[in-house]
Amino acid sequence: MSKKKSKKTTKRFDGRKPDELRPLKIESGVLPHADGSAYIEMGRNKILVGVFGPREMHPKRFSKPNMATLRCRYHMAPFSVDPRRSPAPSRRDNEISMVMRYALEPAVFLERYPRSVIDVYAEILEADGGTRTACINAASVALVDAGIPVRDLVASCAAGKIDGQLVLDLGDYEDKEGDADVPLAYMPKTEHVTLLQMDGILSQDDFNGCIDMAIEGCKQIYEVQREALKKKYGLDEGEAN
Amino acid sequence: MSRNVGIASRLKRNKITEVVASGKRMDGRDLLDYREIQIKTGVLEKVEGSAEAYLGKTRVLVGVKFGKGYPFDDTPDKGVLMTNAEFTPIAHPTFEPGPPDERSIELARVVDRGLRSAEILDMKKLCLVPGKSVYMVHVDIYVLSYDGNLIDCSALAAIAALKTAKMPVYTVKDENVKLTKKTKAVKILREPLAVSIVKIGDSLLVDPSADEEEVMDARITITLDEKGNVCTIQKVGSVGFTRDELKTAVQIAAEKVEELRKNV
Amino acid sequence: MSKKKSKKTTKRFDGRKPDELRPLKIESGVLPHADGSAYIEMGRNKILVGVFGPREMHPKRFSKPNMATLRCRYHMAPFSVDPRRSPAPSRRDNEISMVMRYALEPAVFLERYPRSVIDVYAEILEADGGTRTACINAASVALVDAGIPVRDLVASCAAGKIDGQLVLDLGDYEDKEGDADVPLAYMPKTEHVTLLQMDGILSQDDFNGCIDMAIEGCKQIYEVQREALKKKYGLDEGEAN
Amino acid sequence: MSRNVGIASRLKRNKITEVVASGKRMDGRDLLDYREIQIKTGVLEKVEGSAEAYLGKTRVLVGVKFGKGYPFDDTPDKGVLMTNAEFTPIAHPTFEPGPPDERSIELARVVDRGLRSAEILDMKKLCLVPGKSVYMVHVDIYVLSYDGNLIDCSALAAIAALKTAKMPVYTVKDENVKLTKKTKAVKILREPLAVSIVKIGDSLLVDPSADEEEVMDARITITLDEKGNVCTIQKVGSVGFTRDELKTAVQIAAEKVEELRKNV
Amino acid sequence: MSKKKSKKTTKRFDGRKPDELRPLKIESGVLPHADGSAYIEMGRNKILVGVFGPREMHPKRFSKPNMATLRCRYHMAPFSVDPRRSPAPSRRDNEISMVMRYALEPAVFLERYPRSVIDVYAEILEADGGTRTACINAASVALVDAGIPVRDLVASCAAGKIDGQLVLDLGDYEDKEGDADVPLAYMPKTEHVTLLQMDGILSQDDFNGCIDMAIEGCKQIYEVQREALKKKYGLDEGEAN
Amino acid sequence: MSRNVGIASRLKRNKITEVVASGKRMDGRDLLDYREIQIKTGVLEKVEGSAEAYLGKTRVLVGVKFGKGYPFDDTPDKGVLMTNAEFTPIAHPTFEPGPPDERSIELARVVDRGLRSAEILDMKKLCLVPGKSVYMVHVDIYVLSYDGNLIDCSALAAIAALKTAKMPVYTVKDENVKLTKKTKAVKILREPLAVSIVKIGDSLLVDPSADEEEVMDARITITLDEKGNVCTIQKVGSVGFTRDELKTAVQIAAEKVEELRKNV
């Protein structure tokens, strides 16, 4: 963990250091009927991701002749937030589904499965801050669990600013109270940022600081993802770059 | 008589029917055996009650939320209980994301009718200000893995979640309703559990797997409370039951429900 | 009518005996543009059923290669209940459409019309208790009126318990006040129960009593259905069993 | 000029046009003859007003419901009148169940505009507490059988249902609105009825059948009140009318509406 | 302008004479990506119309084997009226889309483009009274701008009665306060009325008076439409009748 | 690496990539050149604020409406700001009428997040009666012509419309809210504008045309306020950015936003 980024030593709301991730647990192969799956607990987020495919795309006319289509769906259980939410997808859900797809696509060798579709379904059972980053972490593991060849794992977390301090991996409370939140996804091997969003107000310097801090966080998450895949990931090493 | 289409499906049906006719099942169970049952409660932190139930590879998560809302016009002095069911696409390759289909509507309806007709909650005690403010109780069924028999599994999870739920306490003063930080246990008046029995050929069997549901002729679900009273019945499938089969089904259900009851 | 089932002789809300059906009237061939049709008044229920088909199914990929598909639709007019209801179908409507289909399917020789569809549309013009049983009674007559070969007519009514007494064919008021309601459908020739539902609280003995009482009621309704079909039904006798 | 597609359709059109050009119709009627008109009122018990109208094989049921609700923001002192139309799938093999299509929307709109523009009810008298509580009047048109000319048939049924309706009486005290057991007759200020005239080739004819509607060039519907005032006009179809044809159409409508009026 | 129709000389709400049109401005070829387009200001109405086609129809089974399909869509921007309206189409919008189609169809040589579709999209940016007539005026110009052969231009305006006086081209205020409103569309060359609607209460004489007045108004609008098309319309002259 | 399908599309991509690699663009612009920017305000009369922005052939109309409504439950003392975007079918032959698709949802979301996260309005000042009545501010984005870069164009129009809007004044007395005939200027706390940068091959370029958006590898939109603070970021597209590319993109955005700012 890179300590140099933390400017102060003030304790955070939940007692973490500024550049400390929330407790993280990833398990792969948790769903009996999916081709690949993963369960993640990242802070209080509890998320199941199932991957189906590559399989035939319906309707066929939407399939691509030279590559597979990656479809992502970010979906919150009605009881995942307080107060309860309606099961119908919101504009926010649709936007997150889209950015999840863009975060994962650069990692997948879609060219190997022309005309087919790979479905990535993320079910948010309980939501803390940073659901989209947690979904990407689990989805990347689930894709490998499904045997789909990838360039690298995609690791994701956010950095932000709260009470004048840059902090890593914001929880729900920090997310709402903070000045800004910068979720990011990163492929360590190719050093590519595949998700980047931000809401809030940050100086350009602080923004750059957030990116650096989030990339460091991603590198730690990457190790947890690899661990979760154990032997399966070993098989995949040869694919990278 | 089988009404399933496709050659693969007919072969599967023939195979299953043959095995079932000999009093056995594809997975080695006896006709009246349930698969392994597992129930975990308190699995979620943001809800007032939660439980996860497993029946073999079938897995259902239920969240119970208490809130405040308006009563229905025709029951101004009663709280509102709402049951919803969602089939997530991660539960089975054939499930698609989107609005609820016939199956998830049936699941929600049967569980809802089970909770409602057994009057498991004293809805009058869930009224805060008559005509203006009542407790809203949302029971959300979330299907995480499908290998048959969702109704029995969901009823188990729903009762387990309600039994362990802590509801928020409101104070009422001059029609002003205020949330306090206190919570209290939910009082459950009855504990209806469901037993689903399917008919394949001339045999009746319990706790059907996904394959058995695919080839079954008909299904009858019987919900019984802890005193052995019948609370809800639902028959589906394109074959009928004789009077004798119905009597047998009720006897089987009365027996098996005791076994289920040990888990909640 | 089987008198032995009535334990008391207390009069019911509307003056009926415990095992007495509501006034019943069935007419067939009432719609000029349907292939078969029936109108039923069962208590204050007023229901029109139209049958269309066997006809080509659209979209074709939903058709079954070895049999016809039976589609049922239970639909309430906005003015059929008080207060007025929205024309959009509710979850209850969808569930009733489904159990109607399961109640009728066992009677129909669907194998004779592979790849085609038979549509059964029930329009509830006015609703008293027991709309689903009334729909099944009319639909079964309408199917025969459409010339569709059947094993038998399907007759349907409910039994239930109110004020400690088992009663037949509950009206709206009894439906709401009673302890339990057991709608049932029955094919007298094959002695098969094709619809069975229940809501309420009944001992196993009372439940069995309700089934017996409802089956007796179905037998009476069956005679009214046969009467409504007159000669048409005569033609169909040969088909049974 | 015919714009209908398909050979069968073009043959039908040629045949009908030919017969109509000779001043006759396929079913033997004269161009300006209505089919048999039949109206039954009070056919439903759960509504405040109801009527069934038949024009030959066309059959429409109208239910009128009175309730209590909120006024629209821009008319706080007026009751609300809502007209809805549904085409049931039992009415014709080509009708499909589902949300309203263009035809049912047009039917509802034209009947609604007919009732509204003729100001048949004194909407201000249907206000209970200004800005807070008003009568809601629902006129639901339910098409039970379709053989052409739904608008005229629906207008007949709607007026008959409204004329025979008994509305509930509320008492208002300090803005508290209470339903009483009393009812009173609905006061109808005007009785607009619709006459639809279709153009086939150079001929104008009334009360079109389904076949005639299928092949017609254009249709004009004219609604007139009991004093002969024009209340609503709707022209549809992909051919225009000359000034002379319009004048003739108004004359025909004024004449035929008297005949219709005898039935309500 | 035909003066004989105005019975009184009372000034109208906005100072116009009874048979005077509102200020009218039509511009063609205003949209870079449409095949044809027009912008109209008619009173305070501000409307853009785009025409696309003739183009292939999807899905194909809805296309007509012997002619093109004309599709019209009347659509109001949420800010076009006060208070703001929801973007979802209302029953009124759908009805106006339909009557627009019927108003324009008689003018277009649809037979020349079998199986194809011509889309006419009207976007109401600001609504004064008479949006449907303004849409038709702009749409007719946009069709010619798209190079689609027509029998004639379709000109459209309303006449109505307010304070006992027949008046031409009612604005929003007059529309709401008046006794009746008669929108009409007219093809001067063939002398055909292709749109005619009315709401209100008018004697048969007044109704006939409104038609005559509206036809006169259409003739004036026709000149403005021709002007807007300048040379383009010239090319089209040969097509008529 | 290109992920676009179809031969025509691949040819287009090869051509554009080649030209861009040489530091030029198909329409002659330099990589960091915006097209001609034009902004008109006060273009509509029925709204409180309006503006039309043009970026070359891209044209967006924004209407701002102020109304009165209920606050959200979780922010009872704040006004409500709602941003909506519609792609009209006249804007491009590939746009179809109907409910919002992924692109229009993204446009609305990014502009909305831009306005919201920069806290351009003091939402607490838009509260009339806490928990009961607040200002509703609707920002409606209406795309009239599409030739790429809708986000930058919409942000320009939205800020221009808000800056020139006149909001209605209400008086509040004992929780009674009354509309007056007065209006006042809207106080804008910040002026966030968006700069979208697309990556084609190894090049970064601003203000993409429709063709450039079609073939681009990825896009990053950066919203900055008038002090140079970053307010909103959105990265889309199936290729990633290196750390260096991101730094460069922020520098470009900080520079170009000053150029855009001169127009509002």
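By letter and in written order, the chains are A, B, C, D, E and F; residue numbering begins at 1 in each of them.
Basically, a residue touches a chain if its C-beta (ideal position, glycine included) is under 8 Å from a C-beta of that chain, and two chains touch if they have at least 3 such contacts.
Keep in mind the model is a prediction, meaning the values are calculated, not measured.
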{"item": "Any chain in contact with subunit D as well as subunit E", "value": "none"}
{"item": "Centre-to-centre distance between subunit B and subunit A (centres being mean Cα positions), rounded to whole Å", "value": "33"}
{"item": "Mean-CA-position distance for subunit D and subunit A (Å)", "value": "58"}
{"item": "For subunit A paired with subunit F, centre-to-centre distance based on mean C-alpha positions, whole Å", "value": "26"}
{"item": "Residues of subunit C touching at least two other chains", "value": "83"}
{"item": "Touch-based graph of the chains, sorted into line, ring, star, complete or other", "value": "ring"}
{"item": "Ring path (origin subunit A; first step to subunit F)", "value": "A, F, E, D, C, B"}
{"item": "Sites on subunit F touched by subunit E in the complex", "value": "44-47, 50, 57, 61, 63-65, 67, 84, 86, 88-93, 97, 99, 138, 140, 142, 144-147"}
{"item": "Residues of subunit A that touch subunit F when the two form their complex", "value": "64-67, 83, 91-92, 94-95, 98-99, 101-102, 105-106, 110, 180, 182, 187, 190-204, 207-208, 211, 215"}
{"item": "Interface residues, subunit D side, partner subunit E - complex", "value": "3, 5-6, 73, 102, 105-106, 108-109, 113, 116-119, 190, 218, 220, 225, 228-243, 246-247, 250, 254"}
{"item": "Of subunit E, residues touching subunit F in the complex", "value": "31-35, 37, 44, 46, 48-50, 52, 55, 73, 75, 77-84, 87-88, 119, 121, 123, 125-127"}
